[in-house]
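The chains carry the letters A, B and C, assigned in the order they are written, with residues numbered from 1 in each.
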Amino acid sequence: MVDFYVTAMRTQVQTQFQYRAATYMYLVGMVAEPVIYLVVWTTIAKQNGGQVQGITVGQFAAYYIVWTLVRNMNIVFTPYGWEWRIREGQFSAALLRPLHPIHYDIAEFAGGKLIWVVLYLPIAAALTLVFDPDLSVTPLEVVVFFVAIWGAYLIRTMLLWLLGMVTFWTTRGSAIFETYIMAELLLSGRLVPLKLMPEWTQSVADFLPFQWAFYFPIQTLVGDLPAAELIGGLGMQVLWIAVGSFLVWVCFRASVSRYTAVGN
Amino acid sequence: MRPVRVAWTFLRLGAINELQYRANFFVAAFQSLLAVAVALVVLRLVYSHTAELNGWSEPELMCVLGIQILLGGVIRAAIQPNMERLVDEVRDGKLDHALTKPEDAQLLVSVREFRIWRTVDVISGGAVLGVGVARLEASVGAGEALSFAGLLLVGGVLIYCFWLVLATGAFWIVHMWFLAELFEGVYATGRWPVGIYPGWLRYSLTWLVPIGFAITVPAEAVTSRLEWTTPVIALGFAAALFVATRWFWRFGLRRYSGASA
Amino acid sequence: MAVVDIAELTKVFRVPEREAGLRASMRALFRRRHRDVRAVDSISFAIDSGEVVGFLGPNGAGKTTTLKMLSGLLYPTAGEARVLGFVPARRERDFLRQITLVMGNRNQLQWDLPALDSFDLNRAIYRVARDDFRRLRDELVELLDVGDLVRKPVRNLSLGERMKVEIVGSLVHRPQVLFLDEPTIGLDVTMQKRIRGFIAEYNRRYEATVLLTSHYMADVEALCRRVIVIHHGRTLFDGQLAQLGSQFAGYKTIEVALANGAADLSRYGDVLERDADRVKLRVEKADASRVTALLLSEQEVIDLTIEDPPIEDVIELVFAGAAE
């Protein structure tokens, strides 16, 4: 299995390297989102005496720049892509292999991430120059961050796989995908640091996995979390990965049964 | 008025095609309402922390939002599908079908596709705009309404030109799969008045990617903060860009036909 | 023990029925009508290790559906299927490691990378020991003569070249059972011959069992001693290819070259063709030897050939017969 992961990741690194120009354009588009949020909140902060609920302009900059690193890591196969992969026969091909298809996705995207992060670093440097973030980190925070971004990657892989499998059951999956994206936007720390959301929203978010794929990894570097919370957060990630894996396992069996009943 | 007639034909065809799928309408309506709801939630969140953003009040920002959604609907229904199809056909070498028709190629590739269900955004954006206008302090007169409509049209032309320039780039760079994502990302900046962005970014969003002219300027018309020079510049810019775009298109086309295998 | 063993295998699809027109579409929104299509209807056969069996049938006969059921992509509505002792629908790892399904026109290799990289990926997926893998890969590459192709990105290869490397890629794990669905479709004649030769050689060397569907009689004639003819989901014939003719086509063709130019031979049988000095006759099988003897004694014969009717014609007769 390790052999497979290493080989698949290496294959993807080679493939993604060929698409560096297109990847750069994609990354620029991706960066637009946090830059907008950053500008809006910075504007509010400046009008408010330099901070919003305790978060300064520099801290906003730090939050959103770290956001882009986390975002790079938690982009996974889109649920919209499932319809394509079924239609093109790729799903059948995957079923013929003695390997659960999710390993394929995990390994391929993980390999791609290696290239993406390398390509992304200049953009991160540019953003740092422009927006002057206020960030100080400890070695523990860096280590936890490094682990947490992979945790975020796996959580989102599970979640979006579950969404993608909806395609086996309905052709109107896009409505469900959109609902998910909107919920995630508001409850994960993607839009704003969760601290700025109303109290009741934060309580709801605590029961959901979204923040562990966005807010927590960002906070490991940006927030000044005590060691207990850092480790505890990793534990929560493990919990959600386990829950996600179980759900994927159950749903995949059901989906394959349904698929092999009607075929492609 | 041949171009109009050609466009109308395709519009009718596209509509008939999609009307078959009634479920698509409900899905599109649902998605549109969901997006509007979330956008309003974000707006509320922002204004729970401040009374005005860069001089714009909450109802005024609702107008900006409404225009952004409305124009977005037009883009996603009429402009984007055509440009994406153009890029795909250039990549697969299938553009020749369009080029051998006795109609101007640019016109054809610009009006072939029409996704009627995406026009629900026009309705929901219009609704948001309506609510915003209703809550404005200053009332909106006929003059403002007219200049708004005119500037919106100008904005649409600018966005069309921008998209066509991007799509024409496909003649050189074949792998343009990221275009839709790139545009979505940049278009989202239009949700906020272009003045809040720092210098270089504001400059880019006005002249490079004409979001500012397409959204903020019509919003200025509705919120009575329009200076008389702006419409003049907008019109001039649109005319110049249209001419430049057409030239660039024909340049790219010549290269495509010459290089075709 | 048979490698492939199926009994009363059946696959029924529920297909929604819809007429054209706006009103019909609206009605369809409220009341969905369905039709049951028996794609595969109670077929049974057993294939032993090392056999190369051809699956013949027109489009929609049920060939691909059967192959999909045997490889685990579809589960049967009724009946039993066992491949290498496994139930395919269970898709057990050990089962999947020993089979391969190759469909013409389907790309499973990495598009942007040389085929060699995809082979390596397959090695990792199927957990083949590196030495075994390298040896087999090199053998396959040599057999199909794709040595210079495997280093080029797959997207730069022509259709025929791509098919060849796809086949290599699908065999690097040394499957014992090969399901080949129209492997030579869309390829030129030279390429088809190449691939046919390769399959025969693979079968010989590795004693693999091959189940092959094809439209091209040449594929079947070159490779399969045994054919199974399928139509409307039912087997019409299962046996030696040579006997297909004798069972379904009760005639033979006699081609005669005469010394005295074209004579009127219509009293010997049906004249199919007449050419400067050659005549082709069709006679009932039972009469073949009698007519031949008559011809030889009554005419000045330079050359005489007795042939079975071409397989294509036989197949056509088989299907025509079954259509009633």
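Simple rule for what comes next: a residue touches a chain if its C-beta (ideal position, glycine included) is under 8 Å from a C-beta of that chain, and two chains touch if they have at least 3 such contacts.
None of these values were measured; they are calculated from a predicted model.
Asker: Out of every possible chain pairing, name the one holding the most C-beta contact pairs.
Answerer: If you count contacting C-beta pairs, the leading pair is A-B.
Asker: Determine the chain that sits nearest the middle of the structure, using the mean of its CA atoms as its centre.
Answerer: Central chain: A.
Asker: Taking each chain's centre as the mean of its CA atoms, which one is farthest from the centre of subunit C?
Answerer: Comparing chain centres, B lies farthest from subunit C.
Asker: If you average the CA atoms of subunit A and of subunit B, how many Å lie between those two points?
Answerer: Here subunit A and subunit B have centroids separated by 29 Å.
Asker: Between subunit B and subunit C, what distance separates the C-alpha centroids? Give it in angstrom.
Answerer: Computed from C-alpha means, the inter-chain centre distance equals 54 Å.
Asker: How many angstrom lie between the centres of subunit A and subunit C, each centre taken as the mean Cα position?
Answerer: For subunit A versus subunit C, the centre distance works out to 47 Å.
Asker: What are the residues of subunit B that contact at least two other chains?
Answerer: Nothing qualifies.
Asker: Of all the residues in subunit A, which ones touch at least 2 other chains?
Answerer: In subunit A, residues 19 touch at least two other chains, as defined above.
Asker: Along subunit B, where are the residues that touch subunit A in the complex?
Answerer: Going by the criterion above, the answer is residues 23, 27, 30-31, 34-35, 37-38, 41-42, 45-46, 48-50, 52-54, 173, 175-179, 181-186, 188-189, 191-192, 196-198, 201.
Asker: With touch defined as at the start, can you tell me which subunit A residues reach subunit B in the complex?
Answerer: For subunit A paired with subunit B, touching residues are 19, 21-23, 25-26, 28-33, 35-36, 39-40, 43-44, 47-48, 52-53, 130, 172, 174-175, 178-179, 182, 185-186, 191-192, 196-198.
Asker: Quick check on the complex: what are the subunit A residues that touch subunit C?
Answerer: Listed in rising order, the residues are 3-4, 6-8, 11, 14-15, 18-19, 89, 92-93, 95-99, 256-257, 260-264.
Asker: Give every residue of subunit C touching subunit A within the complex, in rising order.
Answerer: Interface residues on the subunit C side: 13, 65, 68, 71-75, 89, 91, 93-94, 96-97, 99-101, 103, 106, 108, 110, 112-113, 117-118, 120-121, 123-127.
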